[in-house]
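See structure below.
In order of appearance the chains are A, B and C, and numbering begins at 1 in each one.
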Amino acid sequence: MTPTKRDILSAADLGRGELENLLELAQRTKGKRQSQVLAGRTLGLLFFDRSLRTRVSFEVAATQLGAHCLNIFADREIYDLEQVERAVMDGHAEEHVKDAARTLSRYVDLLGVRKLSRTGSWEEDRAEQLLRSYAKYADVPVVNLESTMEHPCQAIADVMTMQEHLTSLKGRRFTLAWSMNPEPKNMGPCHSVLQLAARLGMEVTLAHPLGFELDKDIVEQASRDAADSGGQVRVVNELEAGVQDAEVVYTRSWGSTRYWSDPEREIMVKRSLQSWIFDEATMARTANALFMHPLPVRRGVGATDAVLDGPRSVIYDQAENRVYAQKALLTHLLG
Amino acid sequence: MTPTKRDILSAADLGRGELENLLELAQRTKGKRQSQVLAGRTLGLLFFDRSLRTRVSFEVAATQLGAHCLNIFADREIYDLEQVERAVMDGHAEEHVKDAARTLSRYVDLLGVRKLSRTGSWEEDRAEQLLRSYAKYADVPVVNLESTMEHPCQAIADVMTMQEHLTSLKGRRFTLAWSMNPEPKNMGPCHSVLQLAARLGMEVTLAHPLGFELDKDIVEQASRDAADSGGQVRVVNELEAGVQDAEVVYTRSWGSTRYWSDPEREIMVKRSLQSWIFDEATMARTANALFMHPLPVRRGVGATDAVLDGPRSVIYDQAENRVYAQKALLTHLLG
Amino acid sequence: MTPTKRDILSAADLGRGELENLLELAQRTKGKRQSQVLAGRTLGLLFFDRSLRTRVSFEVAATQLGAHCLNIFADREIYDLEQVERAVMDGHAEEHVKDAARTLSRYVDLLGVRKLSRTGSWEEDRAEQLLRSYAKYADVPVVNLESTMEHPCQAIADVMTMQEHLTSLKGRRFTLAWSMNPEPKNMGPCHSVLQLAARLGMEVTLAHPLGFELDKDIVEQASRDAADSGGQVRVVNELEAGVQDAEVVYTRSWGSTRYWSDPEREIMVKRSLQSWIFDEATMARTANALFMHPLPVRRGVGATDAVLDGPRSVIYDQAENRVYAQKALLTHLLG
């Protein structure tokens, strides 16, 4: 009865052929009433951080497929979890993640985990111990609902949205650009969309201020993937140069791995980066690019109302496509 | 595919014919197993304040109609929302209500919003900016799940309950009376039932202490509506005179618009108003009136156990009728 | 329409024949897709404390039977409740439990209540006023989802798990042993499994440190029940003697009724009780006993990894059997 165990923790967990199949399935079923292929199945989604799009789009996707979606706001509804293997649990944690994961595996057909807020150093947080412990101990597939490093479900919806407008993505000029946000952020959506854009052979420009480099391993892997698919990844440290002639621009803020454990310092450093905003002047440099953002967005800070609400903005399509992307993914994993 | 956009923010949003149709539908389907006319539909209900009856009765109503009800306890589950148009979002709020409303409109078929606690001055709170922003930006119908000013779903159930006992409401003597509560309250249920009682041609007596006037615009509108329907609205400032010969009494506490921003002062003023309680002596002045209260009630403070648990009390019928009233409303809006 | 009112507050509420029928039904339907015998029914589950297994297993059980499960995290989602009969409610509580119970009875077909944290003296907490008030005032069956004193749903799953391994439980040597936990705990699962083991005629050994006696009334009742069924209950105050030759060991920490209102003192007393841990040496004294624990467990404190993850541990089977036990119970109460 137990489905084959297959975790989706990173966008890189999706092979190129598998990704293309998912995208094709998502597009084909968009807006159609489907048969309830997951009737009798249950998803258990664990939220350790706030969520609007992920939580609602998963519940809608599951319900449309006939599955039951069980949401757990973990920090206040279940027990504090121990994550260290062989720990003597005489402290605050009442339950080991091992026991939570194994227990939940007896109840549900798939687990989702959202944990993205900073809790330690960059090296600690990039290891994503909580997410990876759930994946290690659960007997059922574990899906990343956004972590420090990745947000694969968002990225599938993002490339689906690009395909709706550009048909084939191969060789198209895609700029992934940092933008301002007063708050220290995670890397999730940006790492994941970078990997999928590279894997699909786009000409990727990564634009960010010095000190806001993405994870070195992720960028190197994306460069190799892009090369394999006939694309490339280049990095620039100016917004203007980064967006020049782009066909798609994708922006969001992300954190500085240098100042990860010192968010006050990161905030101070960012005071000089307020020009990293998508306004009409920035967009004018592009080749009439599609404008993308995974939301939530700080209006007037990361992008202006004119751009967000403008004719080339597809921000709500990205959000809507979460439903179709996730229905395809759930069908793929459990159907 | 998107249903026609129709918001129910105020009891006044229901025309008289429409209201009568809703009441007829609610009464006709009460206690009957219905076909799942809303199968495949999703409601997204946003709670910014605590709720027992509204939350449970909506979830039951939706489920019985085949719809999926998605409850969001907004203050802790989603992001802090900016409400000001064209704000530069460099403060605490991570998402603009515009983006939350538009995103949710891609996922659900109807939005509900409950926001009733005091957050500003009377003029600010009576504007109900959060509720009205959702209505403005959402592409799907928005239903008020109780606000500072209104609680239309409660009021539909209330008049439905009166009709069960009195058949026609036209010309019947209805007293809406303030009663004691140590806590500063909103106006919601009282404004809404006042408007519907007036619209249905009842002889309305509004009884409250000086300083606890209901909103002037609402009372004036109700007076005009009552006149149009052959009824009237009169105001008295004594409980005894207010309930004299009433056929229905409806009580709840509400706030003072004078002391809205100074709840400590309001509490002090209320120390001399402890006689505003529904006890057997108060009820003896009525014409064996039905006793109504929208709950929750402070037993021994706003009404005595003898009255609340007495033979003329219909407080649980009001609560139960929420299910049927809301099934009728949902069918009307989405069916 | 209202189902006959039948509350399950204590394991003792299940007669022996009824218990055997439930176990037989649970075992027979385990892992089978059942018809949706509770289609159209709604469960309302009130959680005043954290929950993993109870909440998820009930939601899964209900959903598999076609019922809708409505979870309420009561402390933050509904109003503060008054529990005292005839109280003048001029304090903090906004609603009387009487009104919450009666209102919910108009909406749902069964209520569950979980309230297990310490809030008063031992005498106060053992009276379980909140749970018993819901049972008193609700018109629908009330099921205990774990209280200070009892956890009947866990205990049904526990004896079901024993039966899977031992077939008949009559005359089998069952040791219920206290084990270490830094945190003051309730008595729930231990009281309930003690009663069911006794009722099914097991040879029960109750092992705990001096000062950690279980409730006198419960132990006396269990002794009488055991005697009626051909078994017995004996008490020892050493772990080694307690587990000697046991065929099943069941452990969990529980509180001290002596130090109930002084948890700091209880924690201090427990410093000398760290040898009350289930390790391989403890297990070697048993007759190759099954190892049971209701979870959550403090690994390395109440039991070692070697025991918890060892070949005789059935801790996840106990958790999984919650689903089948509760489906049987729900079918029994509402079907």
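Here is the rule we use: a contact is a pair of C-beta atoms (placed from the backbone, for glycine too) under 8 Å apart; a residue touches a chain by one contact, two chains touch by 3 or more.
Bear in mind that the values here come from a model prediction, so they are computed numbers and not experimental data.
J.: Note down the smallest number of touching-chain steps it takes to go from chain B to chain C.
T.: Step count on the best path from chain B to chain C: 1.
J.: Taking all residue numbers at the chain A to chain B contact, is the shared part over half or under half, that is, same or different?
T.: Mostly different residues form this interface, as fewer than half of the numbers used are common to both chains.
J.: Find the geometric centre of each of chain A and chain B from their Cα atoms only, then give the gap between the two centres in Å, rounded to an integer.
T.: 40
J.: Pull out every residue in chain B that's touching 2 or more other chains.
T.: Only 76 qualify.
J.: How about chain C: which of its residues touch chain A in the complex?
T.: Against chain A, the touching part of chain C is residues 31, 33, 47, 50-53, 55-57, 59-60, 63-64, 73, 76, 182-183, 295-301, 305, 315-316, 319-320, 323.
J.: Taking the touch rule as given, give the residues of chain C at its contact with chain B in the complex, in rising order.
T.: Residues 1, 40, 42, 44, 68, 70, 72, 76-79, 82, 86-91, 94-96, 98-100, 102-104, 106-108.
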